[in-house]
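Order of writing sets the chain letters: A, B, C and D. Residues in each chain are counted from 1.
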Amino acid sequence: MKSKKRIIVYGVIAIAVIILILTGALHNSSKANSNSSVTTISVAGPDNNRPYTYPDNGKIGGYYGALLGRIDQDLKQYKFKQTTTAQNSVFVGLQSGKYDLAVSNWWYSKDRFNTYLHSTSNGLDDLRLITKKGGKTANSLKDIATKKLTLAPISTDDARYAFIQDYNKKNPKYKINLKGIGDQSAGDALKQVSNGQYDVAIYPYAAYKPVSSTSEGTKLRVSKSIGLENSYFLLNKSDKNEKLLKALNKELKKLKDNGYLGKITKKYLYENTFEFPGANSTFNTDPTK
Amino acid sequence: MLLDIKNIKKTLKNNHVLKGIDLSIEKGEVVAIIGPSGSGKTTLLRNINFLETADSGMMKFRDQQIDMAKPSKEKILWTRRHMAMVFQNYNLFKNKTALENISEGLIFGQNMEKKTAESLAEAALNQVGLIDKKDFYPSQLSGGQQQRIGIARATVLNPDIVLFDEPTSALDPELVGTVLRDMKQLAEKGQTMIVVTHQMSFARNVADRVIFFADGEIIEQGNAEEVFDHPQNDRTRKFLSAIAEDY
Amino acid sequence: MKLSRIITTLLSGLPVTLTLLVFSFIFAAAIGLGIAWLSLRNSAVCYNISRLYLGLVRGTPPLLMLLLAYYGLPKLFLLVGININDWSKLLFGIVGLSVGWSGYLSEAFRSAYLSVDQGQYEAALVVGMNPSDAFWRIIMPQTVLIALPNIENLVIGLVKATSLVYVIGLVDMYSSATDLSNQNQGVYQLEIFVVLALIYWMIVLAIEWVFRSIKKEYQYVTV
Amino acid sequence: MFDFRFAINSFPKILSVAPTTIVLSIIATLIGLILAILIVIIRERKIKVLDSIAAIYVSFIRGTPIIVQLYVVYYGLPQLLVALRGMGINTNSNGLPVILIAILAYSFNASANISESIRSAYHSVDYQQYEAAVSVGMKPTRAMTRIVVPQLITNLIPNFSNLFLDLIKDTAIVYNIGIVEIMAKANIMSSLGFKYIETYLDALIIYVFICWFFAKLFQIFEIIARKRISHTQEFV
């Protein structure tokens, strides 16, 4: 009996220590910035999300690398310190305040917007359904549900995962069977479609395009656009970042208007989604509606 | 009087291992302690060297007065640096060669230069005829060789007293002789020795004084003739007759 | 894809892998010794602290340990006013792995220490060594020798655990491999991972060779 | 910042998949144990050719990270099956359940590690025990099963316990191929709001508890086993 009591005491101490460490980890000490007029912002992006972000000599490469570079140039009062890491790790860091800003094609979810600060749209993703040539076809999410197609597992860290979750919540009648998986490249997932393991995969066009030219990719068929999704910057909640956010939003509007966003979209994402019909009305719509 | 111990007591798990022993040793004396196993002989030696701490007792060693129940660290170290001990299981340092086993105490116990220590150690090895084994590890040596190196390790320190804790008990019978010969040589040189032993021949032939020890008490002591040939106490007689064939 | 490209890309991560291995082992051994020392002191408090530490550390997957080191530690330091956010990732990787492995090493040391013959210590004392010399010159070397097979296993485990630092964005061999695979949309995955496995195997074979040599060197020291 | 409600709400959901982690670990360990016994027999009897193959197999598995092994099986197995089909053997590479791949990979991993532990436990049994058993007229196989194996098992338990705990922790990467165990569930719970710290804390508590539980369980086994052979040990 005595040992049982001791176990409980240990357990309590153990949990107390863990909580102490973690609350320590979360203690957000956004200290006053130094006197220097340049504020350093630490930015993180996933290391496995071509062509949006990938490691490039210690900095972020791809669409968001280019975008960040331009913003860094324009906003003289800020300096971006960039890093890439596993996607779940990006958010552990963002939540704990180690990173100020997380970049990749993050889409809307209510919880996300509640947890973090978010910018206005910084890009438009063109969503497609990819199926096997000669196999079952799908042209909408509803198709997947009604035709009872199997959807290739989606990385749980991926925006698409929450996107389907959201869809399922809104369309309880046409629910899609959603399976999660860890870090996985588009090449991998699409291979599973080309060899018939799954019927359909959902990807932004930019993720599908580079695969399409591989030997597995030539066996694939891609649907027409099934929708455009806005993506946003996510920021750790702090006074410093509130200020940054204002500057970012102003800058994003400028880059949209002067065509820079369109330019890098075409360059990195293989098509200029801003020229799509309805793009202008979709860009920066209020996602909560 | 080189060593004078008064009323040493030691209890282990409610068992009175030493029941108030008095023991004095003159310089140059060879004292053999005999008695049944478990009688506290080994414990007595270990207490003298502070490998265990007594419950009470006073010790006068050379000019130092030491409370055996509360010895200070300095006094312990000082005592050990003026005594040496030979173990039943040799306890040669397994990670050191024969030579290093001997030199280690000189370098780290007596702060000697490494060179000097090594030449002294070589001389000691020469004396026991094991110089050709100087780079061997204990595992490569026989029990007899290990124990002779153990003795060399103790004597090279030039101690005032050498304590022997059943030095031949773990040896194969044919190896006992070589070790006893080394011990006898040592005694003849006038080394003060306390020897706990089961070798009655050694006690009889070499020791100046024989102590019969039983149940944590000194039952009887005297020269070899007195103890072996005219024992006064019943228990001494019983013990001696039980091991009669050995002597 | 050319095999040579795979090999050179993966080998570019080798220095990071080796740095992690060497420093994590050194620090883990140091912490492990400290914990073993605590658990061997005649004090219930020390003993319980060491048990608690072991329970926590050994129950935590290395992956989580790395995340805690990278994101948790700077926050802890900030509480006492020290900013370590600018330390390199490598340092945090080393800290995470060191803490993770310290538990195993401390157990290896502890059990080895307990199996060193008590007579060795006594013999050192009676030739007049002071306790600390006796410990460092006689007991410690024998402890290490007894623990050697366990230590070898732990080093090998550590080699493999270094592959987990991808989680904090360090570019070691494993990360180089996944990045190379992603650059090619995962077409050459199998080839890349087989080559990666072979390189890790080589490292482990080299480590096993080193330990074999040490054992041979001390073959007569039978502790 | 730290959302306690989210952490508390997620806890039962993450806990609900703990059986996946535990069952996967146990099945892989059991299969691994069977393979390991085969390997030990091959290696201790020095069966020609097989002995060398087993040695290389064990060395390779011990020398490579589990995540790399997992991927090699994950990508390699379907290709192997396709190749076999090309050779006329009827295999279906599609729809190979990932759980099978995971069990295979972890079983291979366990088999190599366990076989080494069994071998060292076997060598730590005093050979005279076997000789004594044979000398009182026991058949060699009976001497093995009645005298050597019980002592071997007792020596094996602490190491086996460590290996099992390591395996449990190693399964934390299996979500990379799509199996929903503790880490995967933590990630899934987090994905909607991108809040990871809460769910990782939940996962950590669950792992620490599972490991503590099994460590205790094996300790009890060891005590029972030691009691049963203690009389033989005391006289050695």
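Assume contacts are C-beta pairs under 8 Å (C-beta built on N, C-alpha and C of every residue); 3 or more make two chains touch, one makes a residue touch a chain.
A quick note: this is a predicted structure, and the numbers were derived from the prediction, not measured.
Asks: Enumerate, in label order, the chains that touch chain B and chain C alike.
Replies: Chains that touch both chain B and chain C, as defined above, do not exist here.
Asks: Which chains sit in contact with both members of the pair chain C and chain D?
Replies: Common contact partners of chain C and chain D, which must touch each of the two, are A.
Asks: Taking every chain's C-alpha mean, which one sits closest to the mean of all protein C-alpha atoms?
Replies: C
Asks: What's the farthest chain from chain B if centres are computed as the mean of the Cα atoms?
Replies: Checked the centroid distances; the maximum from chain B is A.
Asks: Where the centres are mean C-alpha positions, what is the separation of chain A from chain D, in Å?
Replies: That gives a centre separation of 36 Å.
Asks: Go ahead and note the Å separation of the Cα centroids belonging to chain B and chain D.
Replies: Computed from C-alpha means, the inter-chain centre distance equals 54 Å.
Asks: Distance-wise, how many Å sit between the C-alpha centres of chain A and chain B, to the nearest whole number?
Replies: Roughly 79 Å separates the two chain centres.
Asks: Would you please write down the residue numbers of chain D that are in contact with two or more other chains?
Replies: 173, 197, 200, 204, 208
Asks: Could you check chain A for residues that touch two or more other chains and list them?
Replies: Residues 14, 18, 22, 25-26, 88, 92, 96-97, 183 of chain A each touch two or more of the other chains.
Asks: Among all the chains shown, which pairs meet the touch rule set out at the top?
Replies: By the stated definition, chains touch in these pairs: A-C, A-D, B-C, C-D.
Asks: Would you tell me which residues of chain C are touching chain A in their complex?
Replies: Contact set of chain C toward chain A: 48, 51-52, 55-56, 67-68, 70-72, 74-76, 78-79, 85, 89, 166-169, 171, 175, 178-179, 181-187, 189.
Asks: In their shared complex, at which residues does chain C touch chain B?
Replies: By the definition above, chain C touches chain B via 117, 119-120, 122-130, 133, 137-138, 141-142, 145, 218, 220-223.
Asks: Mind pulling up the chain C residues that touch chain D in the complex?
Replies: For chain C paired with chain D, touching residues are 55-56, 58-64, 67, 71, 149, 156-157, 159-161, 163-164, 174, 189-190, 193-194, 196-197, 200-205, 208.
Asks: Touching residues of chain B toward chain C in the complex: what are they?
Replies: Where chain B meets chain C, its residues are 49, 51, 77, 80-81, 83-85, 87, 89, 91-96, 104-105, 108-110, 136-137, 139-140, 153-154, 157, 163.
Asks: Could you please specify the touching residues of chain A with respect to chain D in the complex?
Replies: Where chain A meets chain D, its residues are 14-15, 18-19, 22-23, 25-26, 28, 88, 91-92, 94-97, 106, 109, 111-112, 114-116, 153, 156-158, 161-162, 165, 179-184, 195-197, 234, 237.
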